[in-house]
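Labels run A, B and C following the written order; every chain starts at residue 1.
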Amino acid sequence: MARKILLEHANVPGIKTYEVYRKVGGYASVEKAIKSMTPDEVVEEVKTSGLRGRGGAGFPTGMKWSFIDKKSGKPRHLVCNADESEPGTFKDRYLMEYIPHLLIEGMITSSYALGCNLSYIYIRGEYMWVYRILENAIKEAYAAGWLGKNILGSGFDLDLHVHCGAGAYICGEETALIESLEGKRGNPRIKPPFPAVSGLWTNPTVVNNVESIAAVPWIVNNTGAEYAKIGIGRSTGTKLISASGHVKNPGVYEIDLGLSVYEFMNSDEYLGGMMDDRPLKALIPGGSSVPVLPAHLIYKTAEGEDRLMSYESLSEGGFATGSMLGSGGFIVYNDTSCMVRNTWNFSRFYHHESCGQCSPCREGTGWMEKVLHRIENGHGREEDIDLLWDIQRKIEGNTICPLGDAAAWPVAAAIRHFRDEFEYHVRFPEKIKNRDHFVAEPFEKVKHLVAKEVI
Amino acid sequence: MEISHAKQVINIDAKLTERINELLSHYPADKKKSAMLPVLHEVQDAHDNWLSIELMDRVAEILEVQPIEVYEVASFYTMFNQKPVGKYMFEFCRTSCCAIRGAEDLMDYTCSKLGIKEGETTPDGNFSVVGVECLGACGYAPMLQLGDYYKEHLTKEKIDALIDECRDNKVNLH
Amino acid sequence: MKVTIDGQEIDVEPGTTILQAARMIGGESVPPAMCYYSKLKGSGGKCRCCLVEVSKGSEADPRPMPKLMASCVTGVMDGMEVKSISSERVVDARKSVTEFLLINHPLDCPVCDQAGECDLQNLSFKNGSSKTRFIEEKRTFEPENIGPNIQLHMNRCILCYRCVMTADQLTDSRVHGVVNRGDHSQISTCISKAIDNEFSGNMIDVCPVGALTDKTFRFKQRVWFNKPYNAHRDCDKCCGKTTLWMFGDEIQRVTARKDVYHEVEEFICNSCRFDHKDPKDWVIEGPRKFEKDSVINQNNYTRKLDTVVIETEKNILLGRDQDRKKISMPAIPLKKEEEQVFKEGKV
């Protein structure tokens, strides 16, 4: 069994309540930090741990903390990004639903490290029942003296509240999240200034993912050096992976970074192999925004090395033959799924979620969706495939926030690795009339129809 | 553009006012606008799950902002309805992870059972079926959101049972 | 601080943006700007037309910036080197953005009052392609009446947010804004409220396209048939310095004075703009000059023309039903009987 850091107590009965959580050693990190450490020492521990942001970008958390502007003397804020909306990702919800106090403990310790006296957890509005669980847990923490004025007699004050969104993927982008927390439309801000200098109400602000903050208590209790021992290379610690799609055991798993993709996919401790034992066709390892991997690049990199669940190994080969760990949304596709339909599905998602502020994303996402919809429904033209490639290329890198890139990458990767499927859709429209066209006749069986002619 | 001509009986009672004040207390006194999303949620829940212009105007008064600022926000977020919706709104996730596990078939099944198309409400105003984007339950697909709760690992039988429970008023929405 | 743009060096104050520095140099290197407006705080960064390549970050940190930067919101650093027209990437990005802005924009320049003074027209003249690759139907919006002075034509809007900022910064209460999201975002009051503030007319001047035009001038004249004059009057609300758009002895339109980047020099009040159309109200200073390639320099009219009446105006405005959906949450239409119930408010 792999070590559990975040989910260690997830199965303890009643762990949702303060009493049980406290009984298994909860809130120890707050005591340790406040009583025996300076805020800078806590930041140092997190730096040493090598913990990288678990929301998707993988930026070192300790480094992000050290950027917060302490000179201006303005109030500082820590905002927890619980707006988990990346398709394929549902790990934060699991943490908050089952061990709400772990996040609250992490928020207190982290707020202490950053010198914040007013912090927020921004949770997506659809998780309304989790919002209530957190509200309740925060009330318990206030009652037990972990929040409020003069915590543990140290003179450190902290108010923590939970704030709910209302259905907008874009609010997972940190500046859009801040706008939304200010009661506005979730339009990302233009950076610089970065939130660390001017964030919530123009005060210095740090925005961290739920999982990153939930790892802080363990790091403070056991030291950053211990945390850094887990994992592989610069991918330290454990990571929650949310697995979905055509696998036997979908769900949330905590793994040591560096586990091989093969073992994660096939061992009974984790996913237990493919559902109905059908062949594996494609994998998206880090949420819908990262490039899809075709079967031959999943277990081995292009160099022939074992593919591991780590930031480095998953991106081995760049976008040509690799992908990204992203948020850990592990989506598995078998041979019945259609990559064109799937790409259209994601394009619809990004079109729906574009905030509409900058022109490449506002116009480009809709255009891609329309072209993909045409191809998927048998009205594609041969030149549409190149057109799609060109549209995604023109969105990528030219937008205010990363949503443009996130919309472009899946399309690029699908064309790169599954171009023959697009050609099949264009050339044999009668064969793809039904949306489950590859269920009865997987693409493998008809692939020869679009094979390059050898003279 | 006119959002809605429909009228709504507005009733911001003592209990709701108390809750709104509690939410307002979470933000600095001069940042009332920050409470916009939580307040809109509460107000919408208390008013048949939709927001009329009049209701949004009241929220603007409470938050001390211009009405347009509330319209701008309410129209941006998918969870705020600016037209009346069915009492039981089945919001099916139809993004990839759910779609490959049969969400589309299940949505079609529900629609045909209720005799409506996606995006419509039954004539008695009881049911709406809407396709929405990823709800963060990918491993428990197919699923739908009903009120504040998720119904996961759905099958046709579970849909049948759920519709029956709704008809018998046995479903808790909030 | 020294900054080099396309090989031309200039000394600027700290806090200057790349775009401002480029405008000081002038010429071909000046990036186009559809959303940035120097007189409006917080504008810029949205249209992505002014992307430039920063090939050297600064003297202290000479690394190039990996992404193209929006020059209107990126401050210069000492020793920075910027490529605008000299970078293929930049030229390509400008073409891309132009294409994106045009895919849903109606090609109705022949009936658009903005034609001749339209930034999008200029942008596509320089960076556009003569062919379209967009074979889908264009997006349209339902028309909305926002009062007797300003004509809103949402289909032409490129969402620069300038009019929203104008309302925020010049008027005491904003009644219009951007509603809905994604490519269904639109400028609206939501309740067809008339925008009648003393300075609301400036929204027309800041609009880079024909989305907001002067209703009192609607279909009266092509701007290049007008003779523009600088004029002023004593006004207790604004500076009173305007441009009069004359046709013979008739003042057909009054606008603020715009510089070479089509930004107003000073904002004017609605009274000057809409209520003073008699030449006797004004002291005429002399002809207004425009940049040399502007079509307005034509000014070649010889005889009095009749007012143009466009029979299909209603259809031009109307658009299609199927487009009028809210993208974020589809509006669920009411049944006849429900409508009755909701109208009476007996839910």
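One rule holds for everything that comes next: contacts are C-beta pairs under 8 Å (C-beta built on N, C-alpha and C of every residue); 3 or more make two chains touch, one makes a residue touch a chain.
Note that the structure is a prediction, hence the values are computed from the model and not measured.
Trainee: Among the chains, which one keeps its Cα centre farthest from the Cα centre of subunit A?
Mentor: Most distant chain from subunit A: C.
Trainee: Quick check for you: compute each chain's CA centroid and the global CA centroid, then name the chain with the smallest gap between them.
Mentor: So the chain nearest the centre of the shown protein is A.
Trainee: List the centre-to-centre spacing of subunit A and subunit B in whole Å, with centres computed as mean CA coordinates.
Mentor: 25
Trainee: Which integer distance in Å separates the CA centroid of subunit B from that of subunit C?
Mentor: 36
Trainee: Show the residues in subunit C shared as contacts by 2 or more other chains, in ascending order.
Mentor: 178, 180-181, 328-329
Trainee: Of all residues in subunit A, which are in touch with two or more distinct other chains?
Mentor: Within subunit A, residues 167-168, 185, 352-353, 355 contact more than one other chain.
Trainee: At least two other chains touched by the same residue of subunit B: list those residues.
Mentor: Correct list: 69, 72, 76-80.
Trainee: For the complex, which residues does subunit B have touching subunit C?
Mentor: Listed in rising order, the residues are 1-3, 5-9, 48, 53, 66-69, 71-72, 75-86, 119-121, 123, 125, 128, 130.
Trainee: Show me the residue ranges of subunit A that touch subunit B in the complex, using the header's touch definition.
Mentor: 84-90, 93, 118, 124-129, 132, 161, 163-169, 180-186, 201, 242-246, 250-252, 288, 329, 331, 333, 337, 341-342, 345-346, 348-349, 352-353, 355, 435
Trainee: Tell me, which parts of subunit C touch subunit A in their complex?
Mentor: Residue positions touching the partner: 44-49, 51, 67-68, 70, 73, 93, 96-97, 99-101, 103-104, 133-134, 136, 139, 158-159, 178, 180-185, 327-329.
Trainee: Note which residues of subunit C are touching subunit B in the complex, please.
Mentor: Counting only subunit C, the residues touching subunit B are 141-142, 144, 154, 173-181, 186, 188-192, 324, 326, 328-335, 337-339, 342-347.
Trainee: Taking the complex as given, what residues does subunit B use to touch subunit A?
Mentor: 26-28, 31, 33-38, 40-41, 63, 65, 69, 72-73, 76-80, 94-97, 99-101, 104, 132-141, 145, 148-150, 174
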